[in-house]
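Shared between the two complexes below is subunit A, which pairs with subunit B and subunit C, respectively.
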Partner chain A sequence: MNAITPIEPGASVALGAPIDVTIENVQKAFGDTPALHGVSLDVKAGELVALLGPSGSGKTTLLRILAGLDAPTAGRVLFGGEDALGLRVQDRNVGFVFQHYALFRHMTVFDNIAFGLTVRARGERPAKAEIRKRVLHLLDLVQLSGLDKRYPSQLSGGQRQRVALARALAIEPRVLLLDEPFGALDAQVRKDLRRWLREIHDRTGHTTFFVTHDQEEALELADRVVVMSKGRIEQVGTPDEIYDAPASPFVFGFIGESSFLPVTVVDGAVQFDGAPLDLAALGTPSGPATLGFRPHDVTIVDDDQPALTGQIVAERRHGGARRLDVEVGPERHRVEIDMAVEHSRREGGMVAFRPHRWRIFAR
Partner chain B sequence: MAATTIASVRKSSVIPGFGLALGVTLTYLSLIVLIPLAGLFWRSASGGLDQFIRIATDPRTLAALRLSFTASFYAAAVNLVFGLILAWILVRYRFPGRRFIDAVIDLPFALPTAVAGIALTTLYAPNGWIGSLLQPFGIRIAYTETGIIIALIFIGLPFVVRSVQPVLEDLDREVEEVAATLGATRRQTVRRVVMPALLPASLTGFALAFARAVGEYGSVIFIAGNSPYKTEIAPLLIVIKLEEFSYAGATTIAVLMLLASFLILLVINLIQSWSLRRFGDV
Partner chain C sequence: MSDGAFTTARLPGASAIHFRPVTMERRRVRVALILVSLAFLALFLMMPLVAVFVEAFRGGLPAYWEAIFEPDAAAAIRLTLLVAAISVPCNLVFGLAASWAIAKFDFRGKSLLNTLIDLPFSVSPVIAGLIYVLLFGSQSLLGPWLKSEGIQVIFAVPGIVLATIFVTFPFVARELIPLMEQQGRGDEEAALSLGASGWQVFFRVTLPNVKWALLYGVLLCNARAMGEFGAVSVVSGHIRGLTNTMPLHVEILYNEYNFAAAFAVASLLALLALFTLVVKSVLEWRYAEEIAATRRH
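== the complex of A and B ==
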């Protein structure tokens, strides 16, 4: 598969002005099973927003409601201040891209991309030459020039997904909705497409939502990340805010590798198992709390500074470091820590460590 | 070329038993299909080429063949349209009695064709339930070509439904949803997205229904009236020739039917493989 070359700057695409999207207290239930419990979100024109969450978190349901493929049980959706729920899917003018491309397999790449233009009513349909010009332009944008006569079965996965995106862009959508757009692709193609999608977005400027369960993808690609869990929004923020200041143990755990320990906060200082740890917990009220830290944010302690001590129950190589499973405290809470490869600590031995970056969540 | 292919398959295949399976297949096909058909050709040639051409160009033979193939074509075409509708309803909607209808569709397979023929004749005869209603309008169904087509529609019903149904069940709903987001109306989606996807399976169903109708005998002879040059189908003419001990005549008509059917099925197969090659698997 040919690598995706960066898009030349300057070659702009003329499109309608992007619009704001407002989601107000949207609820959805399938029968008796609630899928969304009152979700509200304001998205500015031209923003690229990631809906991030595990399966069953309601992210795809929200995307389908925005598209008009599902109707909410309650709530409002505004496109540029105008009620969108009253519009049929056909009139909503959204570009939707599915994980498995959903290309029309009996049509050539050209006909796939032109589809949204050719189904327009006679009065609104562009002339044939105009359609042709636009399709070829989009093919150029998604870097598939020369493949217009191919059938989808003759394309690789990454190429198919780019055709799907070009097809969605062809109708000059007001909002672009991508449902796990890279989910079916292998790792390298994914990375290329990710960077490339960001470039396309910066050039076309559509208000864009994309659903993903891959936190790395969300943090790398999005202007803002919406973390969802069990039909609720857990946190909305920039990638930095989400990564550095996760609002809940769920967000902390979902956004990267993590370990948790039950601790007690006493006057802004953290204690574990009755012993002070010398970790600040500013702003957290005294009482029981949860300490969260990431395996790579841990320092091994060799002197008698305050530290967490535990028994190593497993060790394995993890990238450039050695990953240890450690059981800490009388209740043998299992945590993961990384240690430099040079350290000689073995299974069954004891290790003392302290996190140098951490988060405290009140319980 | 073929030998090397078989040898290499044997050497590298992880699925054992290719040689055995191929042997069984060929033996079975020979016993059941090829040897009887070869006998048919042998027998039709027994009277020499002159006799073959004389029988083949006999106006009565030609009329019977024309009737058989056109009536079968119309019946298969009707079954194509209504089979698609039936398959659509069975796959896309959930309603009480759906399973019952699903089961009823196979009845024409199970029913002895003579029973079907007698039942249809009783209904459509000028004094039958339906026939008597149409009589005042001067519409006659039994003992006309229309009657033959109705009998052939009856026995061909399951083919299109059963060919299209599984394909429609597998059809990705996302493709239709994407068409809607692109602005396509429901009608445009069905016409431009769904129907092309169902085309190969529809053609299969059409071909099967057509082939079955061409060879049908039992249900037609009761409703057809069987008057020579008008409502006499080719299979019936074969039986008549046999009763006259004209084996060469019977086999000649049979060979003509066989060749025509083979040609038609070949064309349909070619269209199918062309469409499969093109659309592949996405």
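== the complex of A and C ==
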């Protein structure tokens, strides 16, 4: 009963396998303000790619350029090897899902989903019965069967976003683009929809881009994550690569909680404030560098082993651990470390610690 | 915690405390404020309105009908309807186009256009009329050419239509611009990405999103177009049976001490105003949910 029948291809759109997307040196400036400085990216057919970055990083601009809602100042975009920039947004055949849903409020759920089919020219428009079949199938796919006569204002946020996705899928897009699709939803709904979106993607297999500023969402959902900052791509990689081998302090800092210290690398070993730390920095050239570590990747040192020592300036409960703000070295660099709750160090006291996982970035 | 903790309100003495919302005034103040408002409304709105109808029917129903169906009055009514029938659709198209441009696109001179739309609100209607006399009258630059082509603008229907369009053109745009700006461009972008053409986007997404505001704007525009006096008075020339609209006809009758007839025609205009208000209220009541939905998602 619940078996999903494959969506039948439309009369006009030759929907075959999902397509590759190639972005070549795309630049965009709004007036004198640059938004993208030469972004290049190759995405394989059927991949689910997250564009991750803080606001102002250019991720939404890139998405809108792919959709045809904005035009780049320079560069090329290829859909399956064909130039896409020459096509108007209407002809590009992309499914776009907006953060604030952009559902047509005067239409029922059914009419919203059917919109992309009913606006087609007469010769290309599927028959009424065919449209109905497809809409009901999509409603089933997004698990909203029975709500076809509702208006958007009668739906919850999560339901609206699922309608928006069904509407985008109805035109059998070559590429699916989602702009912060879960940004306006509360935490629990976000989590559910995340898992659900992954399932839909695995079932329909569209080449998909989604924009987010939530690193957890990106790492959990995407096949590959593109980390962006200030109009540039900082790193492209699988979630594991991004988390375990961040290419820059920015990526390291954006992907999770982090602390940084200026250090010196001497012959593959790390020194802080002139003292060796017994941390390996293989492959990093000698000279000034940045040491990055996460608060929970820290061991408190009670013996005479080499360690970072500092004064505790603040202390607070953080989940299952105790979080300390520690000022280290003569320049009083502030770092955050976690400590087991049983430890009895207090504000004003001294603490010695050493990261057991760390990254060294040459400066 | 047991329910006992919440029984303190029933303790002796506690019942004397009356809580009222902090924004609610005392009863005496409330009554006084309501009475002042009612008195003001009665004095300045209800009494004149009642007076119009009392005066109109002073001579009895036959005199009333005669005043309305007398040829000059009938001509004035026809002219008023004609002027409204031309100027309201013009302003509907203009208002939609201007608000669409202002709300959905960025272009140079946008704020200038936005300011110009308000011009008729800030200019005295008499001056608006005079401008058209200066532009199209016989003493104007265009005057001789218009005369040689046999086109009469001033002291004729075209002038009245022009003056009415000028005076009423902010009504539709002012109603639509804030709503369209608040709705943003998301719906249009979604429709485009789904393959809709520009016209399809307009007729299937943009227009339905603003239809109630548009209807309000048209109602207000129509009421003003039929009631406009100042600008029309300057360009009309007051030719009985030819260039007199209803408000001008009322004035002429009044100046001739024909009070019963003046008030009879005036009562028609008052009825139009009441009709506009009723339609607006009925729409608001009947479609409250849908109207709220178009403003907010």
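The criterion applied here is as follows: the second predicted complex is superposed on the first by the 347 of 363 C-alpha atoms of A that agree within 3 Å, B and C clash if a C-alpha of one lies under 4 Å from a C-alpha of the other, contacts with A are read in each partner's own complex, and residues count from 1 in each chain.
Definition applied: contacts are C-beta pairs under 8 Å (C-beta built on N, C-alpha and C of every residue); 3 or more make two chains touch, one makes a residue touch a chain.
Everything numeric in this text was worked out from a predicted model, so none of it was measured.
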**Request:** Please tell me, clash or fit, for subunit B and subunit C sharing subunit A in the overlay.
**Result:** clash
**Prompt:** Is A:Ala67 contacted by the first partner subunit B, the second partner subunit C, both or neither?
**Reply:** both
**Request:** Quick one: classify A:His106 as touching subunit B (first), subunit C (second), both or neither.
**Result:** both
**Request:** State whether A:Pro152 touches subunit B only (first), subunit C only (second), both chains, or neither.
**Result:** both
**Request:** Considering only the touch criterion stated at the top, classify A:Phe260 as touching first (subunit B), second (subunit C), both, or neither.
**Result:** neither
**Message:** Contact-wise, after the overlay, does A:Phe98 reach subunit B, subunit C, both or neither (first, second, both, neither)?
**Reply:** both
**Message:** Quick check for you: in the superposed arrangement, does A:Tyr243 touch first (subunit B), second (subunit C), both or neither?
**Reply:** neither
**Request:** Would you tell me the residues on subunit A in contact with subunit B in one complex that are also in contact with subunit C in the other?
**Result:** 67-69, 89-96, 98, 100-106, 115-116, 119-120, 151-153, 164, 167-168, 170-171
**Message:** List the residues on subunit B that touch subunit A in their complex, please.
**Reply:** 172, 174-175, 177-185, 188, 192-193, 196-197, 199, 275, 278-282
**subunit A-touching residues of subunit C, taken from the complex the two chains share** = 186-187, 189-197, 200, 204-205, 208-209, 211, 290, 293-294, 297
**Message:** With touch defined as at the start, can you tell me which subunit A residues reach subunit B in the complex?
**Reply:** 67-69, 89-96, 98, 100-106, 115-116, 119-120, 151-154, 160, 164, 167-168, 170-171
**Fill in**
So, in the complex, the side of subunit A touching subunit C is made of residues 67-69, 89-96, 98, 100-106, 115-116, 119-120, 151-153, 164, 167-168, 170-171
